[in-house]
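Both of the next two complexes hold chain A, though its partner changes from chain B to chain C.
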Partner chain A sequence: MKETLQKFFKMDRRWIFLVLAVVLFVPIMRPLGLPNKTISRDARNAFDYVDALKPGAFLLLSLDYDPSTRPELHPQAVAVIRHAFKKNLRIGVVTYIAGSTGLIEQIFETVPKDYGKVYGTDYVIFPYMANAAAVMTQMSSDFYGIYDKERNGKPVRDMPVMQGIKNYRDMALVVNITGTSILDWWVAFVGDKYNVPVVGGCTAISQPGYGPYLQTKQLKGLIGGMKGAAEYESLVKEPGKGTSGIDALNLAHLLVLALILTSNIILLIIKHL
Partner chain B sequence: MSETWMIAGGWMAAGLTIFLFSFLYRDNPFFKAAEHLYLGAGMGWWFQVYLFNIWKPKVWEPLLSGDFFVLIPAVLGLSLVTQFIPRISWISRYGFTFMMGYGAGLAIPATLSTDFMSQIAGAIQPFTALATMTPMMIFNSLVVAGGTICVLFYFFFSVEHKGAVKKISNIGIYFLMIYFGAAFGNTVMARFSLLYGRFDDLYTFSGANYFYASQILLIALVAYFILHSFLGGKKTEEEEPAH
Partner chain C sequence: MKFIKKQIPLAIVMVTGLLMVASYYIPHKYSVDYVELMNKWENIVSAFAFLLGLVSLFYSHYGKIKRKADGWGYSLFVYIGFLAMVVPAMMTDGRQMVDGQVTSLGWSFRYIYNALSSTMFAVLAFYIVSTAYRSFRIKSRQAFVLFVAAFVLILGKVPLGQMIWDSLLGWTGQGVADIIEWIMQVPAVAGKRGIMIGIAIGAIVTSLKIIFGIEKQYMGKD
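After this line comes the complex of A and B, so read on.
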């Protein structure tokens, strides 16, 4: 009996990989529609902050993630952009991660069309810039000293979307979605220094680390990981990749719990045999 | 992008994903090829980013338009390269000096204000408004302030940890463990999200519009493993199974 049970701990790990793959793949092929009933306080705060902005307000959206964190952060970005367009906000998109540029193009090829938004009038995409901290600092005095042209080289100063925008004081909100520490910089170099409200979106790994900023309201809200994306999608009432990923995440978490419980129970039995 | 390129991209993405995941079963030439391709493509990608997104707009174009001030940061930046030539590597100190001074000047005041002063204020401030707070809010504030003090005690090494100090620092350990637990749980969730993302793409590329790229490549790889084992392919030291 003891030897039989001990075999469980010598099981080939590849069986677990296979079960995990099946558990994650099945909901993609056949969505189970498991409910996502909990909306975290931080995601709701992020939503409420964007929702409270007046139509025409300028939202600076810093999208700083590359394909390595796309499954978590891309749905967040899409949900925030949909929300901003629904609210008729003006959007300026910046990035400090070169790998983001393709993902930004991917979003803006489709999403603006759903809301009849026009490039240059309702939104503008700025080119990638290196050295985020320097750019953030310099933008405080003269936005156009850094971004005088959009990503295709057209001058932005006279674009309708940029009317009345000279520096951070003219912006209603900064939203930074990132898989890096750039969100810390937005808080330190912009939010705290120039009193600009900052809302964040980050990977689930980084999420616990932003608790202190949320407690002190240095961050007005935070969307964390794929779960946060699903929460924001349900608040905007635009289900997307975040919502569809919840099925798979729920099942995978159940599998992990089952494995932890099983191995602990077996270990207890072995000890008492 | 033309449809042909989209399909080719789909096959490439599906193939590389499956090849890289194949390592979970066993090391194999397809995994090696994908790994090397990833490194090479990564290097190429960064080279073009530096060339076209930094060097061209920040150095070359200003120089062409007569702005010679950009030569100062450009030369400071180039001085770092002298690290590779021991005889003149001392020149790199000028570049590093500038970077250190600039970095410290930018980071220290901001960090002191954002991560130090604001956090201390954030832990104390709720106690100035106790009359307006609900019992739960007061409890939360006490937990935050108490947790902060206990964890700080744990990291205070100038006093021997015994008696009351030991008890407080032990409570600090529990707060740290809760944080690590939350962080680890979130890490697991994040990894599953990434895996889900790859599987979602594989499912997309398994459609008829991509000529069933995922299925064909997966079957081909399984066939390789079966053939390899039937033909008696010897396990080399590098080709150990993943367990």
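After this line comes the complex of A and C, so read on.
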């Protein structure tokens, strides 16, 4: 009996890989449609802050994630952009991660069309910049000192979307969606120093780390992981990849729990045999 | 010679560092101009650092290929990957879309970089699940506390877990969302805040040591 149980510990890990693959694959192919029961306070705060902005207000969107964190962060970005377009906000997109550029293109290839938004009038995409901290500081005095052209080299100063925008004082909100520590920099170098409201979006694993900023209101709201994306989508009433991905997330999380419980129960039995 | 090699660099670091610190607290045009100038220089230096990193990477992998070191074949893919992204980028002037059409750079990004990067990260999920089964053993009180916190968080973070909690423990009148809220707001924040304060103090001390020339390792051995 003891030896049989011990065999479970030495089980070929490829069996676990197979079970996980099935658990992830099935709900992606055939969504179960499990309801997203609760909306977290931080995601609701993020939504409320964007929702309270007046039409025409300028939102600086910093999208700093690459394909590795795309499943969690891309749906967040899409949901925020949809919300901003619905509210007729102006959007300026910046990035400090080279791998983000293609993902930004993919979003703006489709989403603006759904709301009849025009490039240069309603939104603009700025080029990738290295050294985020230096750029953030530079934007505080003169935005055009660092971003005088958009990503294809056209001058931005006279674009309707940039009307009345010179520095952070003219911006209503900064939203940073990232899988890196750039959100900390937005809080420290911009939010705190220039009194600009900052809302964040991050991966589920880094979500607990932003608790101190949320408590002190240095962050006005936070969208955390795929669940946060699903919550924001449900608040915007635009179900997307976050909502459809939540089924796979559900089953994968429960599989982890089941495995941890199983291994510990086996350990307990072995000890008492 | 020592004056040029040591004293002058140390003086530059000290003056530049002290001016940067002071400019944070002095809202004057001169200090703003100074910070802007430094930021531009920093960007230029960063660009050269990228180049230096690239040369170093190529040199190291060239050495592996030349020596036929273990796994030298993988080093070839460093060059292949580089060319697959840089050649289209140069051909398209760095544009991924032109007139609504995906360029060769856009194609490389979507079907090479995107796929490879996603795969690398996705593989982690399999290792995490396997490790959770093999290594998460409750052998002490501390491990038990960690397990309970992890159990509640994992369960409460997904709707299906919330439904299971409600059906099994709903009679307690305590929702899993409330418990998670408490864990995140009290013990998690307390721990994180301690870490943040520690890191900040460490960063200040290190910066002061560099500014005042106590820490000189960045200057090399000569």
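Annotations for the structure displayed:
By definition in this document, the second predicted complex is superposed on the first by the 273 of 273 C-alpha atoms of A that agree within 3 Å, B and C clash if a C-alpha of one lies under 4 Å from a C-alpha of the other, contacts with A are read in each partner's own complex, and residues count from 1 in each chain.
What we mean here is this: a residue touches a chain if its C-beta (ideal position, glycine included) is under 8 Å from a C-beta of that chain, and two chains touch if they have at least 3 such contacts.
In this text the structure is predicted, and so the values were computed from the model without any measurement.
Looking at the shared chain after the overlay, A:His253 reaches both chain B and chain C.
When the two complexes are overlaid on their common chain A, residue A:Ala52 makes contact with neither chain B nor chain C. With both structures placed on the common chain, the touch criterion links A:Val118 to neither chain B nor chain C. Legend: residue contacts after superposition of the two complexes on their common chain; A:Gly145 is shown touching chain C, with no touch to chain B. In the superposition on chain A, A:Arg70 makes contact with both chain B and chain C. Of the two partner chains placed by the overlay, neither chain B nor chain C lies in contact with A:Val22. In the superposition on chain A, A:Pro208 makes contact with both chain B and chain C. With both structures placed on the common chain, the touch criterion links A:Ile269 to neither chain B nor chain C.
Touching more residues of chain A than its counterpart among chain B and chain C is C. Applying the stated touch rule to the two superposed structures, the overlap between the chain B and chain C interfaces on chain A comprises residues 13, 17, 20-21, 24, 68-71, 99, 130, 134, 137, 193, 204, 208-209, 212, 215, 225, 227, 249, 252-253, 256. The residues of chain A lying in touch with chain B in their complex are 12-14, 17, 20-21, 24-25, 28-29, 68-72, 98-99, 127-128, 130, 133-134, 137, 184, 187-189, 192-193, 203-205, 207-209, 212, 215-216, 218, 224-227, 241, 244-245, 248-249, 252-253, 256. Partner chain A is touched in their complex by these residues of chain C: 24, 32, 35-36, 38-40, 42-43, 46-47, 50, 95-97, 100, 106, 109-110, 113-115, 117-118, 120-121, 125-126, 128-130, 132-134, 136-138, 147, 150-151, 154-155, 157-164, 177, 181, 184-185, 188-189, 192-193, 196. Against chain C, the residues of chain A that register as touching in their complex are 9, 13, 16-17, 20-21, 24, 34-38, 40-41, 66-71, 99, 101-103, 105-106, 109, 129-131, 134-135, 137-138, 141-142, 145-146, 151-152, 193, 204, 208-209, 211-212, 215, 225, 227, 246, 249-257, 259-260, 262-264, 267. Residues of chain B that touch chain A in their complex: 24-25, 45-46, 49, 53-54, 57-58, 106-107, 110-111, 113-115, 118-119, 121-122, 125, 144, 179, 182-183, 186-190, 192-200, 203, 241-243.
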